[in-house]
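Listed below are the structures to be examined.
Next come two complexes built around subunit A: one with subunit B, the other with subunit C.
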Partner chain A sequence: MILPIDLIVLLLVIISAFAAITVKDLLSASLMLGAYSFLLCLLWTVMGAVDVAFTEATVGAGVSTVFCVAAIFHTTRRTKD
Partner chain B sequence: MKILGTITILLCGGLLIFFTSDFPDFGDPKSPASIHLSPYFIEHTLEDTAVPNIVTSVLADYRSYDTMFETTVILTAGLACFLLLRIPTKEVTRRYYLHEPTGVTLRFDGDRYPKGSNVFKRIDSNWVPYDIIINFTCRLLIHFIQIFALYVVAHGHYSPGGGFQGGVVIGASIILFAISSNLRASIKRLGEKAAAIFTATGVFIYAGTGALCMVIGEHFLNYSFLAPLLGTDRIMARSHGIFIVEIGVAVAVMAVMIWIYYNLSSAGKQDEGL
Partner chain C sequence: MDIVSLIAAKANYWTYVILLMVGLYAMVAKNNLVKKIVGMVIFQTAVILFYVSIGYKKGGTLPIIMHGHDHGHGVESVIKAADYINPLPHVLMLTAIVVGVATLGVALALAIKVYQEYGTLEEDEIRKQIELKG
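And now, the complex of A and B:
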């Protein structure tokens, strides 16, 4: 575990998590969530848990982002209420 | 209400951070996990199961009961998406067809659409012309993604990876095909029924291996009893048993990912979608 890399990645994780819940646009929020997952994957790799990192990269950053985008595809730009 | 929510979140977060201080440090040699469990796995995995990757052997051999129910959870997720979202479409409401020689789009109401025509091509209601670069790149990439996924499944004993990751990658390659060309083209190649059957088959391979062990020997999911069937000694039989189980997990996860994507992207109609 290299401390500077760890701190930088942790900072980016917090920034992307904060961005994912504050951003108004749903598509941007889901993409920020994908970025968050990918940064977490980097964090697992830094910690040496490569299997977990692989799972996070495929499921968290890959497929779940696609699921979110596919669901958002069926929403409208502005809410009706 | 908002203030109440904020207070609850702050309280829970504060409690979590407070109790995290009781946890052992990262890589602490005196923590209970490092004293009791880790040394056993590190010292005995290779002689017990002949699998160099400790994570794979813990996941699919020592803790295989856990992983079996994880696979069942995946199956339940696919079923939940299916039961919540799927709408049976009996009546044909409105379809759009592109007349390819002229490029004119026609709208057909009801049942009077051209069946099996050479010049009419069915398009989605929010259709955009296909981008040739994206189409070609995805076509080129999908084979390599799938071969890499098979490598991940088969090589899980030696390198990071295994059934779960490999299955997700195969599923993602088929989702990529659905995105790059068309949802209907993808459903034509691997339909919803096939996805459902594959899901159940994957879980069945896993649980069936366990049950087979129970029929031959005595313990559920103790692969060393498969040794007479596989024609190897008891240690290699555990390694092969892990591989069989990983294939089951990969099949189940792949099919569930595709199934969920079909239902999500077409809003349950499986008629047109992203």
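And now, the complex of A and C:
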């Protein structure tokens, strides 16, 4: 049985979304959010939306991760949940 | 029709619902401000996933016209719109991604100002300090 690639990518997207809101460290959460954005970029490529894919790769996975890391650098990594 | 193929046939929409619920849960129930912002980003990308899934066609190709350059050879190929994935939701979602990143930047800037004022990012500690002041 050959698993289709879009189902695998959808499963990885759900796993990384759960990981981004459950880890106890804000730097890990923002890096998991970057991994989530990159998996979404793979998903847009599979679904044929290549323009959305490279906008997501540059703006979503690149710039928003830099924003999150810069904000955590100015505040704190500590979190209770 | 068993349950696995029933879910796999609409897997995009199931994922959309799950991501929407994950983002809403993080925005409502999490205590940390940055975790709430992460939930907001997940919520926005779930809506983008819904719109891209609307435009998807099984067996359709990318929305770029095939044989676009053979006008000089006298062979006019017919363009069938049913062969292409619908590009209109993609164009709308390009704007939505950029607006989402702008919203993320404003929200993180407000979180930094809250941290400079109260010295913490936890919502209950901020609320406790406001009650002590007022």
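Criterion: the second predicted complex is superposed on the first by the 73 of 81 C-alpha atoms of A that agree within 3 Å, B and C clash if a C-alpha of one lies under 4 Å from a C-alpha of the other, contacts with A are read in each partner's own complex, and residues count from 1 in each chain.
The working rule: a residue touches a chain if its C-beta (ideal position, glycine included) is under 8 Å from a C-beta of that chain, and two chains touch if they have at least 3 such contacts.
Computed from a prediction, not measured in an experiment: that's the story for all the values here.
**Student:** If we overlay the two complexes on their shared chain A, which of subunit B and subunit C does A:12 touch? Say first, second, both or neither.
**Tutor:** In the superposition, A:12 touches no partner, neither subunit B nor subunit C.
**Student:** First (subunit B), second (subunit C), both or neither: which does A:66 touch?
**Tutor:** It touches subunit B, and subunit C stays clear.
**Student:** Looking at A:40, would you say it contacts subunit B, subunit C, both, or neither? Reply first, second, both or neither.
**Tutor:** second
**Student:** Comparing subunit C with subunit B, which touches more residues belonging to subunit A?
**Tutor:** C
**Student:** After overlaying the two complexes on chain A, where does the subunit B footprint on subunit A coincide with the subunit C footprint?
**Tutor:** Common interface on subunit A, subunit B vs subunit C: 47, 50-51, 55, 59, 63, 67, 70-71, 74.
**Student:** Which residues, counting only subunit B, touch subunit A once they are in their complex?
**Tutor:** Per the touch definition, subunit B meets subunit A at residues 26-27, 53, 55-56, 59, 152, 160-162, 164-165, 168-169, 171-172, 175, 179, 257, 260-261, 264-265, 267, 273-274.
**Student:** Once bound in the complex, which stretches of subunit C touch subunit A?
**Tutor:** For subunit C paired with subunit A, touching residues are 8, 11-12, 15, 18-19, 22-23, 25-26, 30-32, 34-35, 38-39, 41-42, 45, 48-49, 52-53, 55-56, 60-63, 85, 90-91, 93-94, 97-98, 100-101, 104-105, 108-109, 111-112, 115, 120-122.
**Student:** Show which residues of subunit A lie in contact with subunit B when the two form their complex.
**Tutor:** 1, 47, 50-51, 53-55, 58-59, 62-63, 66-67, 69-71, 73-74
**Student:** If we count contacts the way the header does, which residues on subunit A are in touch with subunit C in the complex?
**Tutor:** Contacts found on subunit A: 6-7, 10, 13-14, 17-18, 20-21, 26, 29-30, 33, 36-37, 40, 43-44, 47-52, 55-56, 59-60, 63-64, 67-68, 70-72, 74-76, 79-81.
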